[in-house]
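So, here come the structures, one by one.
Across the two complexes that follow, chain A remains constant while its partner is chain B and subsequently chain C.
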Partner chain A sequence: MKKPLLGGLRWLVFALAVVILNFPVIATLVTSLKSDAEIMTNASLIIEAPTLDNYVAVFAMADRFDILHFLGNSLVASLIGSVLAIAIAFPAAYAMARLEVGRSWLLPLAVNLRAVPLIIFAIPIYLMYQQVGLLDTRFGLALIFCLVNVPLVLVLFASSIADLPLEIEEAGRVDGAGTLRLLVYVVAPMSLNVVAASSVLAFIYSWNEFLFGLMLTTNNATPVSVGASFFFAASGGGVRWGVAAAVMILATLPPLVLGLLMYRQIGRSMTAGAVKG
Partner chain B sequence: MAEIEFKSVAKSFGKVGVIADLDLKVDDGEFIVFVGPSGCGKSTALRMIAGLEETTSGDIQIRGRSIAGLAPSERNVAMVFQSYALYPHMTVAGNIGFPLKMAGRPAAEIAAQVREAADILDLGPYLDRRPAQLSGGQRQRVALGRAIVRHPDVFLFDEPLSNLDADLRVSMRGEIMRLRERIQATMIYVTHDQTEAMTMGDRIAVFAPLKDGHARNLMQVGTPEALYERPANLFVARFLGSPKMNLIEMDQGQAPAFGTLDLGPRPPHGGALLLGVRPEDIRIAEAGVPGLAGRIRLVEALGAEYYVHIETAAGELIVRVMDKRLRPAPGDTVALQPAAGAFHLFDKATGERIGG
Partner chain C sequence: MPRTSRFEGHLLIAPLTAFLIALLGFPLVLDVVYSVSRVGFENIRAPELIGFSNYAKAVADPEFWAAAWFSLRFGLIVAVIQMVAGLGLAVFLAPLFAKRPWLIALLMLPMMVAPALVGLMYRLILHEFVGAVPYYLLEWYGDFPAFLGRDWAFTTLVTIETLQWTPFALLILHSSYAAISPDIREAASLDGARGRRLFLNIDLPLMMPALGITFFIRFIDSFRVFDNLYTLVGPGAGGSTTSMSIYIYQAFFKVGDIGLAVAASMLLLVASFVVLWAINRFTARKAPL
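The block that comes next holds the complex of A and B.
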């Protein structure tokens, strides 16, 4: 810290790492701000004539491909899918961690289901959705997102709940709380950091889900992961890289904003002062 | 107020027995201390009253009614934990008022009760703070507040002072004793600290670990004085008292080393005996005087008193010296004289006390 040269070197290394790790994102951002002509002639990261034309073009296509509609679908389905997954996994994880419900087999089973390629479920789910009218609906998509998210959220909650000081829950029981009120008043507030972390992860997984978005939606509920691909050949004559890059940047923003909002919660300790450390 | 009775209670975790054959009656309004080394089942006994553990066999009754199968909330007991176990996301007021909230009391009543408890415990200025913003002593007072606000039949304390530093422990001890005078409730206090046990309890119940080969946990129950002056067995004799009681092997029922020791009339006994003498019951005299000859090996000066370690033919003995004029020094040869009648006899094999 005392030597400026060492400090400078350290920042150089950090900057280099940031550039290398984020190169695809940076390249996409830069491309989205170049004109079609410049994309062909100038491959460097320095933009000669920055322009928002590509973004204008994306919104101008709303009559054929409505980016806001796709974003809206993704947002609604991802939010419902994440919240639902947390609502289901939290009590389940408590039952596993504290009430010894299937501790030795239920968690591994749920987690291993996640390891199975999702395509295996594709046909039965399609047929079921057809029967109950969930095809091409945001809620149908949300249910799938929930299914995809539950195993991960379950693992996160099961381990975090197991790490909470048991005495606090015992105090809660002696103070008159049954299991449900214990969950609501004591365990859930102490798990807010994990709720934040798992909701960000679940939202991102939902947002990036492609397979079921492609299969189960046609028009009304198309998520942005699928919708973005429509823009690549939007003009008919070859890929419009600038437009495609602008769509990708727009599609990246919501999870990015959510991550930044939740970031402060994630690293926080929720049990400070509860028990002697 | 309530009396509590353990009836032939046993508890095991899997195959490991922790409590066996526990029979104990705690009187209404009594302050009883469960004391013993770690693993002796004292905390488990407490947790069985709270409903945090179930008995494996036997029955526990509060006010003559079995509490088997009752949820913790249905037992009207309050518990103070060693680790405070405060709700970290609630304010002090929220913590203290939580049991009343769970009982569905109206907000105005909760506020009044919390205020009253906070006044008793000097927590008034801290009601809006979170536990993380409090000191260890304040946190434990919040835990006390959470217990008293409910006016429970029974208070359970599970080593509540073990996490506090020495000064704070003494002042919190006083605080609990004052609380005790204010609140007429049956209190059970678990500790491994014999000073807390001796100073706080109306009665003390000494527990021993089953894993050390004891057939049952409860070694002796009685007032602190009774336990100290007439320990029923070697376990209690060794556990209470600091420094520990000196135990001398007797040969043929005699302690020849002490010379003319009058053990008084006692029932004839066949087996090997141990003679117990407390460190304060031995007097150090100059060498040559009748008594047990010895040589001082080590002197621990504690300011108000000395602990003198003396090598003798009967093994190393510890003598507690209060007389400031006496200046024992390592290497000195001395004679030891036990105070008249101040000794205890134990059967070496069974550990039981013999005679009066």
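The block that comes next holds the complex of A and C.
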């Protein structure tokens, strides 16, 4: 009998892949649950005396390292950025899919944007932001998140709207609805799945963005992806590894939980975005 | 198409167009102007045109070429490994995913973590006293290398990038593999194709487009690597881990040479157009509609 053996091997490979691919998070989580003393004597993945002290310590040091401030910045900027991306991409996608406007130039342009390293635009954007006072603001950061997400959101909307049955819209037209009314009352409700999937993905990508957060913020609007690295800088040579690990876990938890809950929609959007882009 | 709806169409794309002009078009113009100017923070509004000396400076800088070579090598190696590993996992684990689709969620998790945080996590994990990796290597082999030293940094970074983004390759290739119609496989197996032959002659050719897309997406993303590199090692020992993105960042923020940084950006833009042209040419991607 070869079959059960092969099946067992598949499970073994799967389990190994899960542990190895997720190793950074697993090892960091383990460290965050050890006491300072244990971290220095026991670097293994087995915790002798689990404790939540590190998490308590993170929130107790708000005067030097205010994690809630960084988490709040990430939350606000990511939300605004994602909503904005959807708000400007949705009507444009409709115009491309149904009205044949911009399909030949705007869509390819936006899609290929994903392949261009955004650092190319980072320096002029920095200088622009400096002139108009958007440096170190959550809104300035949100505009960048919107820019990062617009290509993917646009592709997802354009293909999903093209797949909607035309008859319903035509019926709406016959009843005298204008394009805007159709968009709001007919097309949008039928696209709620895509709206949900793409907003989750856009939120995760925004939350995890680093380069612009690093360049365009100094303190007021610093997102947690950048803020977490401040912790290392702030503690100088003697990093408190347990607290550092707790900071990293807290910064990772929101996208991780979202990803776990919405894996199906995210997977579908990622593949659709890749294959259709 | 009636005139009114064309007009409405233009209204509907107006916000997106305006946004892209403001955040891409205008910066691009600034890029072009500053790249041929002598410019500093003091004359940011009135740059002085000087021709192509910024470009000459970038092209003559060995560090520029070292960074370009690093990014190219890094991108190619990482993309190939991810494609092969993703393909292997997608095909070998397909029976598990077919019965329990949620299993794939556990393999998608690495993609949900910010690469910048992954870089920070490895500072902890690879730390010689408190890190789990040195601990186990010491336990099992009695020794561990200087992961971020000159000899090992490249390998370490390739490994980190590969571990985080192989799930992307796996996801794309899994859905492409699952989309192959059972009828085709059945017909082939009636003709006597089994196991490896079935895979090489039927599955693999059908997955070629997906493999091409996976390769290009992974290459592009790895080529512009910045976050995990920056948080883990920065430019590294003697600039040994300076990617193109790190080079431009440093030229601007550390050296303060706006002209050089912007000229390097423009060269990178040209390079990415070449890559894009190649992608559109060789993968015959269909338009999204």
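Everything that follows uses one rule, which is that the second predicted complex is superposed on the first by the 227 of 277 C-alpha atoms of A that agree within 3 Å, B and C clash if a C-alpha of one lies under 4 Å from a C-alpha of the other, contacts with A are read in each partner's own complex, and residues count from 1 in each chain.
Heads up, the rule we're going with is that a contact is a pair of C-beta atoms (placed from the backbone, for glycine too) under 8 Å apart; a residue touches a chain by one contact, two chains touch by 3 or more.
The structure presented is a predicted model; accordingly, all values stated were derived computationally and were not measured.
Engineer: After superposition on the shared chain, which partner residues are touched by A:189: those of chain B (first), chain C (second), both, or neither?
Structural biologist: first
Engineer: Please indicate which partner A:174 is in contact with in the superposed arrangement: first for chain B, second for chain C, both, or neither.
Structural biologist: Only chain B is touched by A:174; chain C is not.
Engineer: Quick check on the superposed pair: does A:133 touch chain B, chain C, both, or neither? Answer first, second, both or neither.
Structural biologist: neither
Engineer: With the two complexes superposed on chain A, say which partner A:116 touches: chain B (first), chain C (second), both, or neither.
Structural biologist: So A:116 only meets chain C here.
Engineer: Report for A:30: first if it touches chain B alone, second if chain C alone, otherwise both or neither.
Structural biologist: Touch status of A:30: second partner only.
Engineer: Could you look at A:259 and tell me whether it touches chain B, chain C, both or neither (first, second, both, neither)?
Structural biologist: Second partner only.
Engineer: Applying the touch criterion given at the start, work out whether A:274 contacts chain B, chain C, both or neither, answering first, second, both or neither.
Structural biologist: After superposition on chain A, A:274 lies in contact with both partners, chain B and chain C.
Engineer: Check the contacts made with chain A and report whether chain B or chain C touches more of its residues.
Structural biologist: Between chain B and chain C, the winner on chain A residue contacts is C.
Engineer: Classify the contacts of A:251 with the two partner chains as first (chain B alone), second (chain C alone), both, or neither.
Structural biologist: A:251 sits against chain C, while chain B stays out of touch.
Engineer: In the superposed arrangement, what residues of chain A touch both chain B and chain C?
Structural biologist: Overlap of chain B and chain C footprints on chain A: residues 178, 270-271, 274-276.
Engineer: Can you check the complex and tell me which residues of chain A touch chain B?
Structural biologist: 165, 167-168, 170-178, 181, 185-186, 189-190, 192, 270-276
Engineer: Could you please specify the touching residues of chain C with respect to chain A in the complex?
Structural biologist: Residues 1, 5-6, 8-10, 12-13, 15-17, 19-20, 23-24, 26-28, 30-31, 34, 44-45, 89, 92-93, 95-96, 101-118, 120-125, 127, 129-136, 163-164, 166-168, 171-172, 175, 210, 213-214, 217, 220, 223-224, 226-227, 230-231, 244-245, 248-249, 252-253, 258, 261-262, 265-266, 268-269, 272, 275-276, 279, 285-289.
Engineer: In the complex, go through chain B and note every residue touching chain A.
Structural biologist: 50-52, 71-73, 77-79, 81-90, 98-99, 102-103, 130-134, 136, 139, 143, 146, 150, 163
Engineer: Flag every residue of chain A that touches chain C in the complex, lowest number first.
Structural biologist: Those in contact with chain C are residues 7, 10-11, 13-14, 17-18, 20-25, 27-28, 30-31, 39-40, 43-45, 87-89, 91-92, 94-97, 99-103, 106-128, 130-131, 143-144, 146-147, 150, 154-155, 158-159, 162, 178-180, 183, 204, 207-211, 214-215, 225-226, 228-229, 232, 241, 244-245, 248, 251-252, 255-256, 258-260, 263-264, 266-267, 270-271, 274-277.
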